[in-house]
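The next part holds the structures, each set out as structure tokens.
Next come two complexes built around chain A: one with chain B, the other with chain C.
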Partner chain A sequence: MHAYLTSTGLISPQRTFENDFSCGLETEGAPILPAIEPNYKGLINPVQLRRMSRILKLGLGAAQLCINNAGGQQPDAIIVGTGLACVNDLEIFLKSIIETGEQSLSSIPFINSLHNTVAAQVARTLKIQTYNNTHCHRGASFENALLDALMLLHEKEHQQVLVGGIDEFSTHYYNLLTPKVVTGEGAGFFLLSNAPAGKNSVKISAVRTFYAPEENFIARFLAEQHTPAHHLDAVLLGINGNPGDDAVYCRLMDSFFPPSCQLITYKHLCGEYHTSSAFGLALAAHSIAAGAFPAPAIFKPGKAAKPQKVLLYNHYQNCNHTLILIEKFAAES
Partner chain B sequence: MPAVYITGAGMVSALGNSVRDTLLALREQRTGIAPITLFDTKFKHIPAGEVKCSEEELLCRADIHPERDTCTRTALLGLIAAQEAMRMSQSKVDKQRISLVSSTTTGGMSFHEKNAHTIFAGTVEKKYVELLDCADAAQKIARHFGISNNVTTVSTACSSSANAIIVGARMIKTGIADKVLAGGADALTRFALNGFNSLEILSPGGCMPFDARRNGISLGEGAAYLVLESAAVAKPENILCRLSGYANTNEAYHQTASSPGGEGAVHSIRKALETAGLHAADISYINAHGTGTLINDLSEGRAIETVFGATVPPVSSTKGYTGHTLAAAGAAEAIISILAIQHNLLFPNLRFTAQMPELSFTPQTALEENVRINHVLSNSFGFGGSNATLIFSRP
Partner chain C sequence: MEKTALVEQLKAQIIEALLLEDLTPGDIDPAAPLFVEGLGLDSIDALELILLLEKQYGIRVEDPKERRDALQSVNAMADYILSHEKSEG
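Moving on to the complex of A and B:
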């Protein structure tokens, strides 16, 4: 099962909404990395825009960027991965229940708090009446959405699947949950197709999510993909600055990934959030197409002149682990 | 499509703590909708389908040691239903070939709202923060059964577990799993009561689906899980029925309302029939979404008329028994559909009093036994225009 990447649209703490993946913005020392938002006026209908919550703007904005980058090609399915979805609206509604003693509540934050709000809004805006799904599973939300997309393309009922990973910053929740790391946010959408977009495109060869897996799960995954570790030009690791989390990656760096392999990190650029792998995937895809990763993302240089085969490995609290294998695809003729 | 068999089913709802309890209540035409007794709310006078067990009782039933583990009500309901489903399915499958697709809409909200003061004050213990999201129940279920490959949670409002079953079936169809535990769980919350009240669609006296006097939904709570298996691993003696068709579509019409003509529902029903390779005339019974709101029942009723024409098969909504269990509803109604096939039963719509003038068909109003049921079509529609249809067939 695989998919070809037609385009991406990424709103993140870097200036990626302009397709600038140099990742040059200084992030050192910032406790929070907020997304740099585009001017939505060209992307979202102004009447709609006024009524939208922030996460909807991020989501619809990134989806529209992705469609624009594909030259206006429309998807025939929409899948979103989001760890906490519309958590800010959810908290507004919960607070109003508590503060008013369940008296006369506005329905708007309730409606906006539903986890499938972003996927539904994208469907309504693009008028896509086919497959629509939302996966909410902590650090594996985006990868589960991506797997769903790969299955759809494999089933051949759909040709163009728009898949996104989105989470917005919630002061409250993130303070409770991840005080030891730089927290971020972002919305990344990908238009995937079962046919390559051009002679040189990027292919997502495999994706898998794991819950509390056995020791050797990466080796097993790579074996199934007939890709031994020494064939990997680069590995993106979800290193986030929390010593407990990072120890898991460090063990692999020492023992599993060969010295020839370039090591890339990205969470210092986008922050930690449940669907930060969407940033990682966009960065990997862009760098494969460009022939190099941007300097701020390089943790340890490798041997390959141009990265062609790349693994993205992320884990969430050493419990949910995810793998995405990304490759350069060159047509043979 | 390659065959997807149902080899296990587990359900907990206002009707009881097992599939057997569910069947008994359905046969007796006994509703589980009653005044709220398990927590404090302004809406106590509004009846709902509560699982009449405290969290301590649920902990015992779920066989989870309270000190070792902290479980939300949603996760406990999920664990009980998932355990029943997995007990029923006896196949031996390589651990690498088993996946879990769970679903929920409110996740750990019942815990969140009880502890809101410590949460908003930031004094909540860290280990509890994780319980607030959608994934908690699935993680607990995955740990209980040692499921580690492709564990996910779907959340598409009231069609969530129908969509979880669809994702599970597609995992089997595409060959990435041979056995998938799929379903959903939701505990009754003040959040949902206040949310549906803010939309003015809570029925003050209990829901009356497809009735001219209908005045809204009754909320419920519960969990339901199915074990889906490929032809390669399903043991013939364990096969309850076959998932023959499905559809996940989006109406792309309105965030909370379905279109008056039911175009989205028509699309979903037709797509499911097409996947199953069946004609409308093959359907023996329709287990409708039938929430009891003015908008849904009109829209869904018209959609059924559009697809089935002058020969609408027996239709009922079983939400009058269980209440609307939100994310769990699709899987709960899948199990009720399977019971109809297994036991040749037609379950009536409860509390029916008056024909809807807009519709030509009347819902099933009496329990019928010894009716050959070959194919059951079950609808689940959610906010966000999220429509799903499942078709279950005799194996």
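Moving on to the complex of A and C:
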């Protein structure tokens, strides 16, 4: 199963909403990286905007950016991956239930509090009344949404699928868990198609999720894709600054990925959140198209002049491990 | 409360309850329809206005026709609140 990337729309702690993937914004030392948001008035109908919570603006804004970048092409299906979904609105709603003794509840926080709210609002705005789904699987939420999209395209019932990964910062969640990493947030949407968008495009060749996998799962995955590790031009690793999490990546850097392979890190640019691999995928896709990764993302340079075959490897608390194989697709003329 | 003061109070409360951040009380014509025309409100806003009457003024509007009349405009809301106060008082 594979898909071709038609366009992306990313709102993140970098200025990616302007399609600027230079990732030049200084993030060092900040415990929280908030998303840099566009002026939504140019993207979202002001009548709709007024009732939207922040995560809805992030999601709908990124989806609309993606559609705009695709020249207005409409998807046949909408799929979203999110770890915490509209958790801030859910808190408001639950608090009001307690405060009012389950009486006289305002409808707006309820509407905004559901896990599928973002996907539903995107569908409502784009007037897409077909397949609509939201996946919530902790650190593998975005990859599960991607898998769902790939399966839809594989079945050929849908030609174009809009798939996104979205999570926003939650003060309550942050205070409860006091994470040992830089916390981030973001919304990334991708228009995937079962046909390449042009002569040069980016292909998502494979997506796989693993729960507490065996030692050699990456080697097995690459073998299934007929891609030995030395064929990879770059590997994006979800290094997040937590020594416990990063030890998993460090072992692979030392023993598995060959010296010729460029090593890229991205969570110091976008922060850690359940669907941060959506940032990683957008960064990989833009870098393949541009012919180079931005300097702030390069952990160790490699041999390839231009990255063509890239692996994105992420794990969440060493339980949910995910792999996405991305490559440049050039049509034979 | 005088009707003029009540109308001004309602305008501020409507802006807050319906998240009409771009509006000031001066932008709202108290005689203009609240729904479709005028402020262009919708059915979700209607629920919020009913809640506003209940929370701020202790008025529960059960009858659908009465509800429709009471939410015609800001003036109509003020008249409804005042008439309710009279009948209660």
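To be clear about the criterion, the second predicted complex is superposed on the first by the 326 of 333 C-alpha atoms of A that agree within 3 Å, B and C clash if a C-alpha of one lies under 4 Å from a C-alpha of the other, contacts with A are read in each partner's own complex, and residues count from 1 in each chain.
FYI, a residue touches a chain if its C-beta (ideal position, glycine included) is under 8 Å from a C-beta of that chain, and two chains touch if they have at least 3 such contacts.
Keep in mind that what you see is a predicted model, and the values were worked out from it rather than measured.
Residue contacts after overlaying the shared chain place A:R51 against chain C, while chain B stays out of touching range. Once chain A of one complex is fitted onto chain A of the other, the partner contacts of A:S107 extend to both chain B and chain C. In the superposition on chain A, A:T209 makes contact with chain B only, not with chain C. Shared-chain residue A:R138: touches chain B; no touch with chain C. By the touch criterion defined above, A:E18 lies against neither chain B nor chain C after alignment on the C-alpha atoms of chain A. Taken together, the two structures place residues 105-107, 111 of chain A in contact with chain B in one case and with chain C in the other. Of all the residues in chain B, the ones that touch chain A in their complex are 41-43, 96, 100, 105, 107, 109, 112-113, 116-117, 119-120, 122, 124, 126, 129-130, 132-135, 138-139, 142-143, 147-157, 163, 167, 170-171, 173-174, 176, 190-191, 193-195, 197-199, 248-256, 264, 267, 382-386. Touching chain C in their complex are the following residues of chain A: 46-47, 50-51, 104-108, 111.
Residues 17-22, 40, 44, 47-48, 51, 54-55 of chain C are the ones that touch chain A when the two sit in their complex.
Partner chain B is touched in their complex by these residues of chain A: 1, 78, 83-85, 93-95, 97-98, 101-103, 105-107, 110-111, 113-117, 119-121, 123-124, 126-138, 140, 144, 147-148, 151-152, 154-155, 172-173, 175-177, 208-214, 217, 220, 319-320.
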